[in-house]
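Order as written gives the chain letters A, B, C and D; numbering starts at 1 within each chain.
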Amino acid sequence: MPVLGIAELQTILQGGFPEADVPTVEEVNDDFVLMSYAIGDRHGRPGGTVSGPVMMTLADTSAWVVIMSQIGPVVLAVTTSLHIDFLRKPELTDLMARARILKLGKRLGVVDVEIFSRGESELVAKAQVTYSIPPRT
Amino acid sequence: MPVLGIAELQTILQGGFPEADVPTVEEVNDDFVLMSYAIGDRHGRPGGTVSGPVMMTLADTSAWVVIMSQIGPVVLAVTTSLHIDFLRKPELTDLMARARILKLGKRLGVVDVEIFSRGESELVAKAQVTYSIPPRT
Amino acid sequence: MPVLGIAELQTILQGGFPEADVPTVEEVNDDFVLMSYAIGDRHGRPGGTVSGPVMMTLADTSAWVVIMSQIGPVVLAVTTSLHIDFLRKPELTDLMARARILKLGKRLGVVDVEIFSRGESELVAKAQVTYSIPPRT
Amino acid sequence: MPVLGIAELQTILQGGFPEADVPTVEEVNDDFVLMSYAIGDRHGRPGGTVSGPVMMTLADTSAWVVIMSQIGPVVLAVTTSLHIDFLRKPELTDLMARARILKLGKRLGVVDVEIFSRGESELVAKAQVTYSIPPRT
């Protein structure tokens, strides 16, 4: 069961990246979160698609948010590894990320992240992200 | 829609590894296959668990089988990359793999593989596997 | 042997990301390039370190540059997968990336990327990046 | 500096896999080990090449050995993740693995593994492997 809700997670996210346009937490539910990210021209790449780093950043952030939804605000959790397969070129439209916890241990959390364009069912990218969780008191 | 069924896939698998104890194809369905692999003492590791290479081999084989289920026998397809996260130590019991196609292009196929112990719902490992598909005529 | 030099690669890079602060190509040599990226406060994360996405972006860009150094301007090459292990928290100082070609085939290029802080020998992150190369004429 | 030498590492390896044909430790040196693995017909795949799982197993084992060379016998260390890119089809000849420590922390060790055929300089596969290290007393 989540210990933090949409509003709390959004506040932590905004506080962690005060100057950046952060993704929006849309759903929090058991072991997963759904996030969205508004895409504009500055995210584009030649050919009218979204750049890879935008998708990697969204995968990384979504994994962090789903871990916090389960264990509370762990601002100092750090990514230890990220693997991403890019599957299709997304249109220049909003991206969605569904982040689901695969494992949440004392030291490591592993998260599966599916990325797709809003309104589409096909995935544009798929990631597995591992976070190191600081000792909790 | 699959173009090969359980019996055909099993025959190709057996033919590709004539001397090995290959996994069993249990289900073929749209974009996924379910496979099982009988675990014995020789697969064990200290602590009574299944060795990592057994799980990696099962992930690799299941990805190959699900690709063949969609495009027919591509015996010369080769793995180009495999990423696996080990999540929990499995018991010394049969392993199951659910392999699902994420993308099937002309040149590359990307497959998501979930590995779990028979009868359990928690995953013991999770992989993303990419195959290079030889030109078809 | 490289077919493009430092100045040509820098021009392509700038043209591909006209509004962004792109990395600087520092060396081009046989099968590798050395790049640097100026780090400022906006790249920071709590704890005074560089954010993971900055390192992933640098790994991705460096892999693209080293492939172009070998085969010429392939603006439409796309990343098919990226794996990165974060090893140590870098200081808020300039990052360097050493990108080395592991394989350059007709369809795929695989690149090893080592990331470190300027003046340090220990790596802060290590990536393996695969690009799909469009058919050349 | 290594705390275990070739003979000690070979003994641990043999003890961990009593019924298997384990690789041979050829060199131990600072932060890396060189291992070899004798390839026979049973490792083959259609087309006269070595199977992917043989290379994954060698990568996994070599990473374990180089970690033990630094911190002593940690028989219960477990692989947490493995990423491998297959670069070229190896001949049916002995494989070599050069495993080098990227990071050795209290909880995680990350190892870079280069795999090549004996006598060749080109890599056939390249892996990044993470081990979880049990608490030491």
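Things to note:
Keep in mind that, in the parts below, a residue touches a chain if its C-beta (ideal position, glycine included) is under 8 Å from a C-beta of that chain, and two chains touch if they have at least 3 such contacts.
These figures come from a predicted structure and were not determined experimentally.
Shared contact partners of subunit C and subunit D, listed by label: A, B.
With centres defined by CA atoms alone, the chain at the far end from subunit C is B.
Separation between the centroids of subunit B and subunit C, computed from CA atoms only, is 33 Å. Centres computed as Cα averages put subunit B at a distance of 23 Å from subunit D. For subunit A, the set of residues touching two or more other chains reads 80-81, 83, 85, 130.
On the subunit D side of its complex with subunit B, the touching residues are 16, 19, 42, 45-47, 52-53, 56-57, 60, 75-76, 78-86, 89. Chain contact summary for the complex, subunit A toward subunit D: residues 80-81, 83, 107-108, 130, 132. Contact residues of subunit A toward subunit B in the complex are 83, 85, 87-88, 102-103, 110, 112, 123, 126, 128, 130.
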